[in-house]
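Shared chain: subunit A. Partners: subunit B in the first complex, subunit C in the second.
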Partner chain A sequence: MFRDKIDLTGAVVFIAVMAILPVVFKNDYLIGVLTVAAIYAIWAVSWDLMSGLTGRENFGHALFIGAGAYTAGFLNTVWGFSGWWSIPAAMIVASLFAVLMGFPTLRLKGPYFALAMLSASVIMQRLMLIFWEYTGGEEGINGVEPLIDSQLSFYYFTLATLVIVTAGLLAVARSNWGLILRAIRGDEATCQAAGLDITFYKIASLVISGAIAGAGGAIYAHYQLQVSPALFEVVTSITVITMVYVGGMASIYGPVGGAILLVLLTELLRDFGEWRLMIYSVVLILILFFLPRGFIAPVWQRFKGSLGRSSS
Partner chain B sequence: MRGATVLQVANLTKRFGGLVAVNDVSFDVRTGEIVGVLGPNGAGKTTLYNLLTGFIPPDEGTIRFMGGELRGMAPHKIVRLGVSRTFQLCRPFVGMTVLENVLVGCLAQPVPPQGREARARELVEQVGLAGKEGLAVEVMSYGDQRRLEIARALATGPKLLLLDEPFAGLGSGEIADLSALIRRIHTESGLTVMLIEHKLHEFMKLVDRVIALDFGELIADDVPERIVTHPRVVEAYIGGAAPDPQEEA
Partner chain C sequence: MIEILIQGAVSSAIYAMLAVGFTLIFGVARIINLAHGSFYALGAYGAYFLTSQGMPLVPAALLSILAVAAFGVVMERIFVRPMRTQSLLAVLMITLAVALAVEQGLFLTFGSEYRNVPALVSTKFTIAGVDVAGQRLLTLVAGVVLIGALWLFIQRTRMGSAILAISQDPVAAQYMGIPSDRIFALVMALSAGLAAAAGILAGPFLTVQPTMWLLPIIKAFAIVVVGGLGSIPGSILAALMLGYAETIVAYLISTSWTEIISVLATLLMLVFRPAGIFGKRAAF
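Take a look at the complex of A and B:
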C-alpha cells in the first residue's frame, strides 16, 4: 500500500477518457454532469485524506464546502472581486473553519469531532437563513460570474484541478505523513508512545482537507453561478462520505471513481423519478454490505493484477 | 554498570475518585540498571507507567528524568527526551506491515545517517524478526508482536525503556528467548530498563533490582534474592495469587 508503485498508466487512461468524453459526445448536458462529478470527486478525495486515513470520520464536510462557496459568492457579487480570487480566498476561509473545529475536538477521543462537524454544518445552514438580509436566505446569492465563459473550458479547468489535487493528496498519503495518519487510525496511544504529536497531525490534515473542499466549493459556486444554504445540508456531507465508501476508503484514487460513478448513476436514475432515491439507496446498501472495502479501488486492483498475470 | 541516577521519582500519587492507585511512591533508577516492577493485579504497576510516560497526569509528586521534570509534559515530548514504553496488550498498527510499524517509531527522531528505512530494518533484525518485514502484523504470533513492540520502542532512541508485562501470554520457550533478547539489547546499547512482571523465574534472573507495589504503595525495593522472602511481598501474594514455588528463584 504505502510503497506501491504509482499506477501512471491507469491515471493517464482515466484522464484521457474524462477529457475525450465531451469531445466525442459534444453534449452540453454531459459536460455539466461531468463537471459536477469532478467537483464531487474533489470533495471526496479531500474527505478521504483526513477521515479515510485517520479513521476520524467527518460528518460535516459540507461546512467547508459551503464556507468555500459562500466566500466565492460574497467576494464576487457583494464586494466585486474577480472570480479568480474566489479559490484562494475560499481555501483560507475553509482552513480557518478547520482550525476552529479541529483544535477543540480532535484532542478528544470519542465521537466529539464527528458530532461537532455535523452540528457546525447545520448551524451554518441556519445562520445563512437567519441572516437572510446579507446571505439571501433560502434563495442564496445569485449572479455569481462564471470563471470561464466556455462550458467545455470550465470543465477542463475543473478536471485539471481534480488531477492536481488527487496527485498532491496521493503524494501526501504515500509520504511519511500518510504513514503517520494511517498509524493514528491504528492506535493513537501507540503513536504517542512513538513520540508523535497526533493532535498536530490530525488538525493539519483537517486543514488541508478543509482547504481543498473549500476550493471545490468555490468552483461549484462559479459553476452554478449561485450559492444556496442547501450546500451546508447534512445530505451534502453524507453524499461525499458515501462516494468515499463506494470508492474505497483511504485509497485516495478510489473516492474519485466513487464520486464519478455515483454522480453518473444519479443522472441515469433521474428518469425513475420518485423511485430514484430508493434505488440509489439500495445500490449503496448493497455495496456497503457486500463490499466493505469499497468497490472502485478493489476492483481496479484485481483488474491490474489480472493484467499483470496475463502479460508476464 | 550502575552509574548516575537517571530517573528519580518522589512522592508520586494518583487518585481515581476514592481509589488511590499510586500512593506516595518514591524510588530511583540508575543508568544501566534493569529494574523490575512487581505486584499483584491492581497494585498500580501500569498506572505508575502511565504517570511516568505522561499518559495520565499525577496528582502529587515529581518525576525527574536526567535532571529535568517530566510531570505535566505531553507523552510525545517525554518520548523524545528518551523514555519509551511498550503496552501490556500489544498495540501494533493493524493494516500495516512490520517494517511500517517500526518506521513509525523512527519518524519523531532526526533522520539517522543510514536513513529511516534502513534504521527500521536494522531494528527489525535486532529483535529477531528478520525476513518478516513485509508481513501484516495481524497474522503474527503473540511472541513476535512483543518483539515488534520492542523494536518500535527502540526506534524512538530511548535511554530508559519501560516494558509492561513483556512475558504475558507467552510460553516458557518464548519467555526464555524474549528474556535473552532484552538482556542482549540491554548490554549492547547500554539501555536502562524497567519491566513490569509477575514473579516469574526468568524475570527474577533478568532484573538487578525489584520495586514491589501493593495497593498503590511501594512495599519493597531490593535485590531479587531478598524480595522473594520480604515479609510484605509474601503477604501481598498470600491467597490465590501466591507465587508458585516451582517458579521461584
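Take a look at the complex of A and C:
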C-alpha cells in the first residue's frame, strides 16, 4: 500500500504526533481543536477521492455532510436510537443522496455536476429553515448525545476513523480503480472507447465519497452535540475544497495535511474571527493562481526526493 | 388569478434579467460565471450605499450599474482570463472564490443586517381590483425594456453580430478579425450591468444582505439548464416558466415548497433532456 518506507515512516510519525499532542499538553481546548481538524480531514479526503481523482469538482460536499449530521440528529434525539447507529445510518442516507445527484448529472460532461451539487446543498439548507417545525430551523437539533463520554477517547476514535478512512482511500486510489478514475480525469472519451463504464465508476466513487462525508457529518454531530443548518452552507463546501487545494489535489494524504493546517491556522487567527471566511477565500484565490498543485503534497514529494538523494 | 399573473410576470422579469446575462457569458466565452450573483448583490448594495450618502436615487442607480459593469470587466481581466486557458472547472472555482470574497467584503463593510434600497416608485396601482406596488410594475417594465434593448443590440448592430459570431464559432470568428477578448469584456460589462439593474429594481421588495447572491445564481443555473446553455430565447422562456411555477406553487400550495422547484427542474431536465429546450446539444 505504501510505495516506500519513507511514506510509511511519514505516516507513522504523523499519527504518533497527532496521538501524543493531547497527552503532552493535557488541554481540553487543544483536544477540541484537533478533533475538529480530524473531522475536517475526513471530509477533505472523501472529497478528494471523487473530485480530486476524476477532476469532477463537487461544489456541494456540504450536502453529504449535512445529510449525515441531520440523520444522526434525528435518529439520536427524535427517534431515540443509540448514538452508535448514527454513523452507519448517516452513510446510507448520504449514499442515497449521492446516487440521486450522481445519476442525472454525472452522465453528462460539463459543469452540470458541480453546479447541481451546489444548488442541492443550498436548497437543503433552505428546506431546513423552512420546515423548522421538524428540523428546529436556525437552532437546529439540540441535545445530541455524546458517543463517548471522555473527550480524549472521542478524539482517539475520530483520529482512528481518519486513519482508517485515509488508508482505505489511499489503497483505492493506488489500485486499478484509482487508475481508472485518474484516466477519466485525463480523457473520458478514450476511457469509453476502451470499454470502461465511466458513468458507473464516477457514480460509485461519488457514493463512497458521500458515504464517508456523511459518516464525518455524524461524528461532527456527536462532537458538537447539536446539528445546525449552517452545515449545509456553501461555506462548508468551500472550506473543504480549500483544504484539498492547499493539501494538493488527488494525493489523498495532502488534504489531510491541508485540513489540519487550515484548522490550526483558523484557531491562531481567532482574534480576527470576522475575517476568517475572507481569509479562506483569499487563500483559495492565491492557491489557484500560484500553487495550482497545492502545498502539502508537493512539499512532501520534494522532501522525499531530497532524502533519497542524500541517502543514496 | 390576476395576482398570480402579475406576480409571476414580475419574478419572471427578475429571473430573466439574471439568466440572460449568465447565458450570454456562457455563449460567448464558454464559461460559467458563479460571481454573476455577486453583480446582483453589488448593484443593490451600491444603490443602498450611494442613496444613504444623500445621492438621489436615479443617478445613484445609474452610477451603481456602471460601477458593477466596471467591476465585471476588471474581474474578468484579472481572475477569469488567466484561468480560461486552463479549464472550465478552474474558472468555476475562481469565480466561486470571488463570489465568496465579495460576500465577505459586503459582510465586513455593511454587516449582516438587512439594508433598504429605496423604491423608485412608491405609489400603489390597482389593476383589475388587485393592488400592485409600483416598484414591482416598474421592475416588470424595466426588465422587458432592458432585455428587449439587449436583444436589438445583439441582432441589429455590428458589435452584436460579433457577439453572435463568437458564440457560434470562436475560432472562425477570430480568423475573421473579431477581437474576441474585447468582445468578451463588453459582454461581461453588459451582463454585469443587467444583473446589477435587477438587484437595484428588486432591492426594495427583496432582502438586501451579503448572502443575497446565492439563491439568484441557483435560479439562474436552473433556468439556463431548462432553457439550454447559451440560448437567450431559451433562458427567457425558462425564466417565465420558473417565475410562474414558483408563483403558482406559492399561491396554491405554500411558499415553503417554492425553493425546491428550481433544483427539481434542474435534475429532471438533466435526466430527460440535458440540452435544454432550445439547446443544440449538450454543449460540452
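Note that the second predicted complex is superposed on the first by the 289 of 312 C-alpha atoms of A that agree within 3 Å, B and C clash if a C-alpha of one lies under 4 Å from a C-alpha of the other, contacts with A are read in each partner's own complex, and residues count from 1 in each chain.
Criterion: contacts are C-beta pairs under 8 Å (C-beta built on N, C-alpha and C of every residue); 3 or more make two chains touch, one makes a residue touch a chain.
Keep in mind that what you see is a predicted model, and the values were worked out from it rather than measured.
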Which superposed partner A:Leu291 touches (first subunit B, second subunit C, both, neither): neither
Which superposed partner A:Ala193 touches (first subunit B, second subunit C, both, neither): first
Subunit B versus subunit C as contact partner of A:Arg182, first or second or both or neither: first
Superposition-derived comparison: subunit B or subunit C, residues of subunit A touched: C
Partner chain(s) touched by A:Ile130 [first = subunit B, second = subunit C, both, neither]: second
Partner chain(s) touched by A:Leu115 [first = subunit B, second = subunit C, both, neither]: second
Footprint of subunit B on subunit A - complex, ascending: 2, 176, 179-180, 182-183, 185-187, 189-198
Complex contacts: residues of subunit C adjacent to subunit A: 32, 34, 79, 82-83, 86, 88-90, 92-94, 96-98, 100-101, 103-105, 107-108, 214-215, 218, 221-222, 225, 229, 256, 259-260, 262-263, 266-268, 270-271, 274, 282-284
Subunit A contact footprint on subunit B (complex, rising order): 53, 55, 74-76, 79-80, 84-87, 91-97, 100, 103-105, 107-109, 116, 152-153, 155-156
Parts of subunit A lying in touch with subunit C, wherever the complex brings them together: 55, 57, 59, 100-101, 103-105, 107-112, 114-116, 118-120, 122-123, 126-127, 130-131, 234-235, 238, 241, 274-275, 277-278, 280-282, 284-285, 288-289, 292
